[in-house]
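Here it is: the structure, laid out below.
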Amino acid sequence: MGPDSAPDPPVPWRKVLWERQPFPDNYVDGRFLEELRRNEGLRQYHYWAVVKEAGSVGQQLSCVAIFITVWLYMEQGLLSPEVLLLTSLVCAMLGYGLHQVLASTVDSGDEPRTRLADLQSAAIFLSFTYGFSPVLKTLTESVSTDTVYAMSAVMLLAHLIFFPYTQPSPPGSLSLNAALFASVCLASRLPGALHTFAMLSCALLVFALWPCLLQRLREKAPSQFTGVCVGMCIGGIGGLGSQSLVGAVLLALALGNVTFFCPLLLITLQRQKDNIQGPWDEAEIHEDLSHFIQ
Amino acid sequence: MGQRGRAVLQSNASQQESSGTSQDALKHNRKHNICMVSDFFYPNMGGVESHIYLLSQCLIEKGHKVVIVTHSYGKRKGVRYLTNGLKVYYLPLQVMYNQSTVTTCFHSLPLLRCVLVRERITVVHAHSSFSALAHDSLFHAKTMGLNTVFTDHSLFGFADISSVLTNKLLTITLCDTNHIVCVSYTSKENTVLRAALNPEIVSVIPNAVESTDFTPDPSQRRDDRITIVVISRLVYRKGIDLLGGIIPELCLKHPDLNFLIGGEGPKRLVLEEVREKYQLHDRVRLLGALEHKDVRNVLVQGHIFLNTSLTEAFCMAIVEGASCGLQVVSTCVGGIPEVLPEDLITLCEPNVRSLCAGLEKVIARQRSGAVPTPASIHARVKNLYTWRNVAERTEKVYDRVVGEEVLPLHMRIQRLRSHCGPVAGSIFAFVAVLDFLFLLLLQWLVPDQIMDLAVDASGPFGMWNQESGIKKRTSSQKS
Amino acid sequence: MEGESFTDINGTPIFLDCQSHSTFCREFTVTSPKVPVTKVIVFTCSIWLLAYAVFLFTEDTVVLTSAILITLVSMMLYVHLVKVEQETLFIIGSLGVQMSSSYASGRETTTFIELNKIKDIVINEAIYMHQIIYYLCVLLKDPSDPDAVSSVVPLFQSSKPRLNCLMKVYRSCQEILSKCP
Amino acid sequence: MVLKIFYPQCCNLANSGLLIGSWIQGHNSAVVLAVVHYPFIPGQVKRYIQQVSTASGVKLSVLGSWSLPSEAEKGVENFLRDLRTIFPQDRWLQISRKMGQTGFNCSILDRSQGTILFVHYDQRNVMLSQLHPIQTEELDPSDSELRQVFQIVSLSQPLFLLDRYDDGPLKSTHWQSGGQEASIIVELLKMASVPLCLTISCLLHLLPLNFLCSKLSTCVQLSYRSDHLRALSSPKTAVGHSEFMRKANVLVSILVDMALGFLLMYWLYSDNHISMLANALVPAADHVAKELEELLQWLMGAPAGLKMNRALDEVLGRFFLYHIHLWISYIHLMSPFVETILWYGGLSAGLGLSFALALLSDMVALLTFHIYCFYVYGARLYCLKIYGLSSLWRLFRGKKWNVLRQRVDSCSYDLDQLFIGTLLFTILLFLFPTTALYYLVFTLLRLLVVVLQGILHLTVDLINSLPLFAVALRLTRFYRLAEGVKFSVLCDEPDTPLHLLMEINPLSCASVIKTYRTPTYSCYPKDSWTNLVKKLFVGELIYPWKHKTIKTD
């Protein structure tokens, strides 16, 4: 039974251990590795489907660009805080209306938030922001502008990286917090307390409430979703273009990259995939077992 | 203790007398001086640990000299003796993660060299690919010109980044290892693929079970109910989440069903929550960590043995269950289908539905009484896997390995570079050269002839075989 | 009796001198070689040269003074605390075992262990630095449990002879211990 | 079997006679304590042995005979053998010395014949020495042999009282003191000590010492010393070696302490040093305050180029400046009385140097109270910020601390919670450097004071706990404190039994201090180093030393 003995076996080899077989221990049968499988369960992607999914990434990128544009306008004094507040209010009302309309079309499973709760939240937002805006104003006074810009840039990047693109509705805490942190930093650079207040309300609108509306839109009216994405992208490029041409070109390049080039790369690289599978692989649990314990 | 000291004295005397004839005797009888190396050994408990211990005992019985090298466990460091003069070196090396030592490729060389030289080792046998010390010893043994054997106890995937790295390391250390032992055919396929080996130098030698320790005792069962026994560590890899799904499903259907679960681990929480939610406190008993000697007493209380592992190279637990006369239900993963004949095991897919169906079938058979008696199952399983057989087959591997020649340094470098890819191969060829230079430095600092040769406790000139009185004394030292 | 020459674990020669005062009383003396003069000179010179090099940069005589002081003090400490020239094992049957070591400065430390505290004298193996060595040791009884060993007292700790030397001492010790239970 | 005979060195040249000593139980050995010379009357010898045995508690007996070659009479041999019938014994040792040999011969008259080992010992040293580690139990047959030898020799002191000037019927050789010397002074002191002790202990009982608060180190020292005095002045004599040593150590340390204290007093009151000190103190306090003020001004600007939050910076700076102002006015109010305070304070040195040091430590604590205040404010503010920031940082990442499971869980927050949390987090984060800097500076100041106080406490503790008596004993009478014994071969002649010399191996100085250190209340730092750094980092308050008494309640 040791290695290299008994060369000519009369019975066929079986892949079992419990039987003493007339083969040496290091015998290699013709059926060696016959259970080896490659690239099992590979998902084939279609280019346009991937592009459509990538649209939400581009849309979020544009959101950030729009926010930056608004801040640039405010900083240069081209946009008065009152106008911004008014616009925000109108947008918020419109968005809330749309949200309610979309919610009422199909009765959702979870219990809906009451109007009163929404109103309460809004009151909290406004009062806290208004109350803290003088403090926030002086907060970064002694910190150098470059530091504030760098910090905001990093935070906005973090927002983009950690944003839950598949389901933006309950906003991911880290991404939302990063965005709010960045907006507080940027808002504190503005000339007045009212400016800060307006800027923060705008940030709340763009980073917290807009993704909720977008999620609704995607669930209820998927056809419009693509249009909204395209619209946001154009809006972002246009807005940034009015302030800096280079910024707009860079944004356009980035958007093109994310929405068109990256999906192409994914699909071409997938052909190179070589994954070995066999009986030695750890079995995966596909069922959802959490209902047994919760 | 005093007697131990005396044994040392006498052995040296006899050694000097017989040193002239020893060389011929060694070749003729093909007795080897084997050094087992692994990070995992007693007092740690587990499959690899008991494999090394029992294999060593059987090899000592066959007249070979066996020493074990592992890292120190807490206050247990230095040199210890176990039953039958099995000498264990607990080397003071830093433990990094999961009892595996830190590896720098070099720092273990001085101590390993000392052990290999003073014990006059002919074969280095490393165990477990998780053990950094085993990899180190394979590398250093080659530098010192010794033949090596490696036993792989576990299966690995190919998909994630950690296994890619581990597989590369395995490719490098196994590149000039003389022979590899795997515990099942699946494990062999896996190892051949991972380390890019020639399948001819890979032998399959299954683990074994001390079947005399696992005898059936039907009187311990309660016949008014059916008991399912699960004995495993409660971790994800053992499929405890599946078990958490099976328990409520079956318990609702069969009011006379009981679960007896032995073992400890992070997934205990899952089972406790299931028990809590479905009010199964009287029917699902969690026994916690079991000592090896208690396992049999738990097994004989059950009718069915359930194994829900998600991956397993050999699975001794199902053999132990069958040896105690239980019906075995198991997931069909890894090497499990090779272990028991079809009529002794019910194989299921690793999901709750399939496992439940398999269990229901067995429960129905059990109810109808259409199952073989425990004694007959035991009689069939008893002689399937014995340590003596394992030792015999391993001995043949050693015989084959000893005859092979060890590659000189330049050949070794060539082989590393051709076999392990241009980047990793070159790096490790460089490491091999450094290792060789380090060895030369050590040989200059402490020449081989200055090291005292160790007095054999086991093996052809072992002192313990000759004095029966000492055996008993020191076996008690194990505790 | 004549001294026999052995080597220690590093290969330096040492001398074992056995004196048998009576059938039950023996004295083993292991003598290590003296510190070689060359070593001392090299050590001193290297420190002084280093100090002189520093002195050339800083031009501060404090450096030279402190270098001289450091060499003197370190040599004195070495001779007084580190360098053991002789280790003696004095075994008196039915009374006990006395270990003493005398340092190069002449300082002597002595420990006497009574026989009723001794369980046995054995040769043991241990990991020392990056080597595994044999050493002779006295096993002490645990006062609460006569079968257990409470601690181990190593012998010839600084000279560290090799196994053949230990074997010789061990045999004589066992001879005496077996006579006087 | 080897028969061991412990033989006193002083009897090497004794006239022939009877060996008096004791067999050691459980061991095959005998201790020779004395030689009773010829001529004697056996009855008297027996009576004498009886007397001494009852007085000492050791079972003494006649071990055998001793003969010196000088009186080389033939008849003696037989006479000696016959003595055995007079003093019936199981074993009869017959030790004799021959001309031309240094060793003695010994023959045992009993059933067994075995080898003999002579161990010579110095009777005086063995009698006076105390074997370590100290065991308080009574003689126990299973005990170690050497311990028994030591105990027998030290217990049989009554035997040694019989000295050469005694005109009794018996003459004997053993270690002899030069006779009882009586000093009048010593006797008077002994007489006086009893009533003195009684009065002191009465006084101590009268004094209500319980009110003393443990915060002031002077009070701690006072209660500590009073405890010592109470222990010293108990009218009972010390029982056992360790109690005696403790008392002696305490007495010596008090005496040394007081001597040092008087030296200090002498220096203080001799050249009007007190007023010099007082005059220097107020300007020094002023100077410190000014330095602190400057430090605060610096902090209120842009310290080390750091940009702080201006508003908060000013608020904090003004707050601390006001404190310093308060402090300075307080000091100036106090300045006329400083000299008087110092004058009376200096008197405390009369109680001992340790008191003066403890008082100094308290004064340092009082004088740096403003620093302590600053530190506490800074630490509290900093601690608050750290806690706020850490919990808000968890919120920032969408996690929360699960109190029940003691771990960080993920948690989905509401929009408004997230918004307010981030707002607060941002504010705290930007204000944090300002607070941290203030905290850092004042912590460094506080640490300086703590180190100073720590050194003072250590010194006091050293004075309190150093076993001066034991150290002096070790230096002057090394044999009194024995770690063990050491043997050397005395004479090794072919025909005689082996003679060994047993000497006393003195306790090393380090272990003397370790064994006899007087236990004290406070002598260890409260925290380990890593713990201290951790505490400093999270802004918990640190104190210099912890008292054991506080820890218990």
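Should a chain be cited, it is by its letter among A, B, C and D, assigned in written order, with residues numbered from 1 in that chain.
Methods note: a residue touches a chain if its C-beta (ideal position, glycine included) is under 8 Å from a C-beta of that chain, and two chains touch if they have at least 3 such contacts.
This is a predicted model, so every value here is computed, not measured.
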item: Central chain of the complex, centres being mean CA coordinates; value: B
item: Comparison of A-B and B-C (more C-beta pairs in contact); value: A-B
item: Distance from the mean Cα position of chain C to that of chain B, given in whole angstrom; value: 43
item: Inter-chain centre distance, chain A versus chain C - centres from mean C-alpha coordinates, in Å; value: 72
item: Distance between the centres, which are taken as Cα means, of chain D and chain B, whole angstrom; value: 56
item: Computed distance of Cα centres, chain B from chain A, in Å; value: 46
item: Arrangement of touching chains [line / ring / star / complete / other]; value: ring
item: Pairs of chains in contact (touch as defined earlier), listed by label; value: A-B, A-D, B-C, C-D
item: Chain A contact footprint on chain B (complex, rising order); value: 155-159, 179, 184-187, 189-190, 192-193, 199-206, 237, 239, 241-242, 244-245, 248, 270, 273-274, 277, 310-311, 313-314, 331, 333-335, 338-341, 350-352, 384-385, 392-393, 395-397, 399-400
item: Chain A to chain D touching residues, read off their complex; value: 121, 124-125, 128-129, 132, 135-136, 138-144, 170-174, 176-177, 180-181, 184-185, 204, 208
item: Sites on chain D touched by chain A in the complex; value: 302, 307-311, 395-398, 412-416, 418-423, 425-427, 430-431
item: Partner chain B, residues of chain A touching it in the complex; value: 1-4, 15-19, 24-26, 28, 32-33, 35-36, 275-287, 289, 292-293
item: Residues of chain C that touch chain D when the two form their complex; value: 21-25, 27, 90, 92-95, 98, 100, 110-112, 114-117, 180
